[in-house]
Amino acid sequence: MTYRGDPIYLEDLLFVPEYSLIEQSLHARKGATTTNGDGFGVGWYAGRERPGLFREVLPAWNDGNLRELSHQIMSPLFFAHVRASTGTETMRANCHPFAVENWMFMHNGQIGGYEKIRRAIDNALSDTLYTHRPGTTDSEAIFLHLLSNGLDVDPCGAMEATIRSIEDMARQADVEEPFRMTAAISDGKRLYAARYSTDPEPPSLYYRQDEIGTLIASEPFGTVTDGWRPVKANTFLHCSEDGNIRVQPLMI
Amino acid sequence: MTYRGDPIYLEDLLFVPEYSLIEQSLHARKGATTTNGDGFGVGWYAGRERPGLFREVLPAWNDGNLRELSHQIMSPLFFAHVRASTGTETMRANCHPFAVENWMFMHNGQIGGYEKIRRAIDNALSDTLYTHRPGTTDSEAIFLHLLSNGLDVDPCGAMEATIRSIEDMARQADVEEPFRMTAAISDGKRLYAARYSTDPEPPSLYYRQDEIGTLIASEPFGTVTDGWRPVKANTFLHCSEDGNIRVQPLMI
Amino acid sequence: MTYRGDPIYLEDLLFVPEYSLIEQSLHARKGATTTNGDGFGVGWYAGRERPGLFREVLPAWNDGNLRELSHQIMSPLFFAHVRASTGTETMRANCHPFAVENWMFMHNGQIGGYEKIRRAIDNALSDTLYTHRPGTTDSEAIFLHLLSNGLDVDPCGAMEATIRSIEDMARQADVEEPFRMTAAISDGKRLYAARYSTDPEPPSLYYRQDEIGTLIASEPFGTVTDGWRPVKANTFLHCSEDGNIRVQPLMI
Amino acid sequence: MTYRGDPIYLEDLLFVPEYSLIEQSLHARKGATTTNGDGFGVGWYAGRERPGLFREVLPAWNDGNLRELSHQIMSPLFFAHVRASTGTETMRANCHPFAVENWMFMHNGQIGGYEKIRRAIDNALSDTLYTHRPGTTDSEAIFLHLLSNGLDVDPCGAMEATIRSIEDMARQADVEEPFRMTAAISDGKRLYAARYSTDPEPPSLYYRQDEIGTLIASEPFGTVTDGWRPVKANTFLHCSEDGNIRVQPLMI
C-alpha cells in the first residue's frame, strides 16, 4: 500500500480504515496466500533525504512498536508492506520496503524459477550494489537492477530493461514459471507503480484519488469503497509531485 | 495439541500430519479466530524432572528454530500450542505451555471479564506463586490456582475448586461473560484434560487413541480422520500411564 | 539519558557524541554492570499528546530499526534507556521508558527486596492502574505509584510519598536491602529527575546545560566533557519549560 | 567452544563452569571485542544424521529458551558460539554454527577485505551451494568452500585449498588485511579444528582433555584451569572417534 498526498499520520492509513492493511495481513481476500504474517515494513519521507524504514519479523497486527510509531509519524508519502514468505525464514533484511539513498521500493509477486537464475541475476549487478546487498530476496534483486538500469533518468525504461533482462535469463535457464510482479517505487517526490506478468495473471493492483491524495494498493480498502480503479496489466503508472497520474504500457 | 504414547519426534506431530498444528496456525477451522500467529510454544518430558519448554513470539509456521528442534527432540509426552492474542502484545512469558516444577499446563479460551477480577484472582494466590509469576495472562493464573488447589493430590478436584472460585469472583464483580476453557495438564506421567464453560459453548476438544498413543487436540488432524471423539462439555479426562482413559463430569 | 531543548534528531544524541549511550551500552563506566545489552527504549514528544515509544529486546548497539528511526525522529524532548536485567527475561513491556497518557518515566536502580513486597506494592495501586499494567518490573510499579500519588499536581511531593510508602512496606517485611533509584519524568513540557537511596549510595546522575538545551544522564558523555554537574543525593530536580533548573531536597 | 566425549547436558558446558561461554559473552578476556552479545548459536548431534541447531539474535546470557534447552539436550558432541558483529545487523541465518547435511562448522576471525572479494568468493561456489546459501557472512562462505574442496575426503586438505584460494583472491584484489581464522568442524563423529592467519596473529585457540572428553575453546574456562594447551598457529587438529588428537601443520 502506498500513499502520496497531504501529510497524514501513518495510523490513519494502517489502523483506522475499514479493511485496512493490518486487517488484510490477517485475512487477505485477493492474495495468493490468505495470511500475511511473515514480517512487515513501513517506509516514509520526513524531511531527510533518505526515507525512514521500520521493518520487523513479527506479524504487523501484533507489533506494539508499529502501533506506537504509526501514532507519531506524519508524512506525505508512505509505503507499507505485509509479507507472506514462500518458505525462507523471515529476517528484517528481507522485509519490504527496501531503500538505497533517496529511493524506496517494494514488491509483490515473484521471479519464477528464481533459484535457477539467482546467480545470473546477482552477477549482472555492479560491484558496489553486489557487495552492499543486505538481503537475499528476488525483490531486492529487482530493485538493484532498476537502479543499475537508470531508474533516476527513466523509471519506466528502467523497469522495461529489468523485466527484459530477467526474462532473458529465465529463458536461457529453461525456466517455465512466469515472472509476476506489482511494484511501487519513489524518489521521495514522484511515485511510480508497475503491474506485469509473463503470463496473463499479474497480481492485483488498484489506485484511488480524492482531494486528500493518491492511494495505490493490492486490494481496495477503507469505508469509501468506490473510486478504486484497477491498474491495467503490463502498464507503468507515474504519479507526479502534484498528483497527476499517467499510465503507459510496458514495452517488453 | 497433546500427545502421550510411544516416544516419537516432535516433527511427526507438528509438521508431518495432514492438517497439522502448523497448518492450523495459519487457518484454524473451529477456533474463534482464523489465524493463530501470535506466538507458540512446545513442551516435552525427556528424562529430566521438569519439562522442557520452547516458546517464541513468531508465528509457528515461520520459525526455523522450531523446525530444527522438532527434527531432534524425541519424547513420549508432548504439548504444543499456537496462540491468537486478543489484544495484548505477544511476549514469551505469555506463551503456552507454562511449567512449574514437574507440572505443565496449557489452555484455550478465556476468563470472561478478566480485567474486572484480575486483582481478586491474583490475591487468592500464595505469596510464592504470586511473586514468581513471570507473565500476565489469565491462562497462567488458572494454572497457578490449580497448583494452589491441590493439583498433585486430586487433579479433577483442583479443577473443580478453581472453576468454582473463579466463577464466584466473577459473580461478585457482576461479570456477565462466561468462563470458557479447554485445558491440558501433565505431571510428566499422567495426562489430564478439561473442557468447560459457564454457558453452553465450551471451546472444542477431541481425543483419539491408536496402538501408538493418545492424541488430544482442539481440532482433529492427520490423514486418518476417523477415530476422533469429542470430549464432552464439562468433563475432566484422565489418561493413565498405560494409556487408559477415564472421563468424569466436572461437579461445579 | 534525557534531553530537553531545541528540537534535534535522536541520532545526534544516541550515535554522534563521543562516549554516547550506544557506546555506554557496550561498556558502562559507572554502572553496577558493565554491559547494558538487555533491551533498550527511547521516548519522545512530537506534536501528539502522548509520547512516542520505541522499545526492543535487542541490544541498542545492534538494532537497525533504532538507527533508522534515530535518523528520522526529531523532538525537543527525548528519553533513552539501556537495560541490564538482573535475571528476569527481557521483554518489551519491561523496557523503559514507560508511558501513561502524557506522562513518561524511566528509572535506574532497584527496590531492595522487591520480591518480598511486590504484592503489597501492587495492592496499593488503584484498580485501573493495576489492571492495565502491562509489565512486571519494580520500575513500572514506581511510576504507577507516582501517578497515584499526585504526579500531575506536585511531582516532588508525589516522589516523596512514593519513596516513603515503599520504604514503609520494606520495613514491615524486614527487608534489609536499600531502595536505590535515579529517575527521569516528564509531562511533555516540564522535565523532572530524582536521585535517592535509603543508604548513602544512590546511582550516579549528572546534568549539563548549554545554549542548545539540558542533558541529564547517568554518566557524562560527549566531546565537551566539562560542564557536567552531579545531581546531589536525595534531591529532586525541576527543569521548567524555559530550561530553568531548580533542585530541592527530598524530604523523606 | 566445542565438546566431544561422554554424553552430557548442554547446561553443564554453558552455564555450570566457572568463566563459562555465557559469562564470556558478557566479558571476553582474549577476544578483539569485549562483549559478544550479537546473537549466539548451539549445535549438537543426537541420533539424527544432521545436527540440531538453535540460533538466536539475542545475547546468549539473556535467552530463556537457551536456558531451557540446555537443561534438556544431551549429546556427546556440542558446538556453541557467541557472536560480536562488526557492523552488519544480526540475523539468525548469520549466526554460527552452520550446517549442511551431516556437517557442522563455526568460525572466529574474518576474511580481510571481504567486501572487495565477496563476489569472487561466491562465484567459486557450485550452483547448488550458491543457490541454497541462506546467509551473507564470510564465515558461511568459508564453510561452503570447504565442502566444495573435499571436506568429506580430506578435511585438512580441504582447509588448505580453501585458505589458498581465498588468499589468492585477496592478492588479486590488492587486499592488505590478513585472513585470520579459528574454526571447528565435525561430521558427527570426528572433530576438527584449525588455527590460521596470513599474518602472525591468529585468534586464540585452546584444547583440553580429561577422562570425560575433549574441549576446544577460544579461551580456557572452568574450575580446573590447568590442562589447557594452546593450538599452535597454522595447524590443523584432528580428534578421532575415540578421542585421539593429532595436530598437523597447514601447508599453505
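Labels A, B, C and D are assigned to the chains in the order they are written; within every chain, residues are numbered from 1.
The working rule: contacts are C-beta pairs under 8 Å (C-beta built on N, C-alpha and C of every residue); 3 or more make two chains touch, one makes a residue touch a chain.
None of these values were measured; they are calculated from a predicted model.
*Asks:* Spelling it out: a chain qualifies if it touches chain C and also touches chain D; which chains qualify?
*Replies:* A chain counts here if it touches both chain C and chain D, which gives A, B.
*Asks:* Using the touch definition from the top, what's the fewest steps needed to get from chain A to chain C?
*Replies:* Minimal hop count between chain A and chain C: 1.
*Asks:* Between copies chain B and chain C, are the contact residues mostly the same numbers or mostly different, with half as the line?
*Replies:* Counting which numbers both chains contribute, over half are shared, so the two copies meet through the same residues.
*Asks:* Rounded to the nearest 5 degrees, what is the angle of the rotation that puts chain A onto chain D, matching CA atoms?
*Replies:* Angle of the fitting rotation, chain A to chain D: 180 degrees.
*Asks:* With chain centres taken as the means of their Cα atoms, state the distance from chain B to chain D in Å.
*Replies:* 39
*Asks:* Could you list which residues of chain C touch at least two other chains?
*Replies:* Those would be 64, 89, 92.
*Asks:* For chain D, which residues count as touching chain A in their complex?
*Replies:* Those residues of chain D that touch chain A are 88-89, 91-93, 115-116, 118-119, 122-123, 127, 130-136.
*Asks:* Which positions of chain B touch chain D when the two form their complex?
*Replies:* So the residues of chain B in touch with chain D come to 44, 46-48, 50, 52-56, 64-65, 68-69, 71-74, 92.
*Asks:* Per the contact definition, I'd like the list of chain A residues that touch chain B in the complex.
*Replies:* 26-27, 34-35, 37-38, 57-59, 61-64, 85, 89-90
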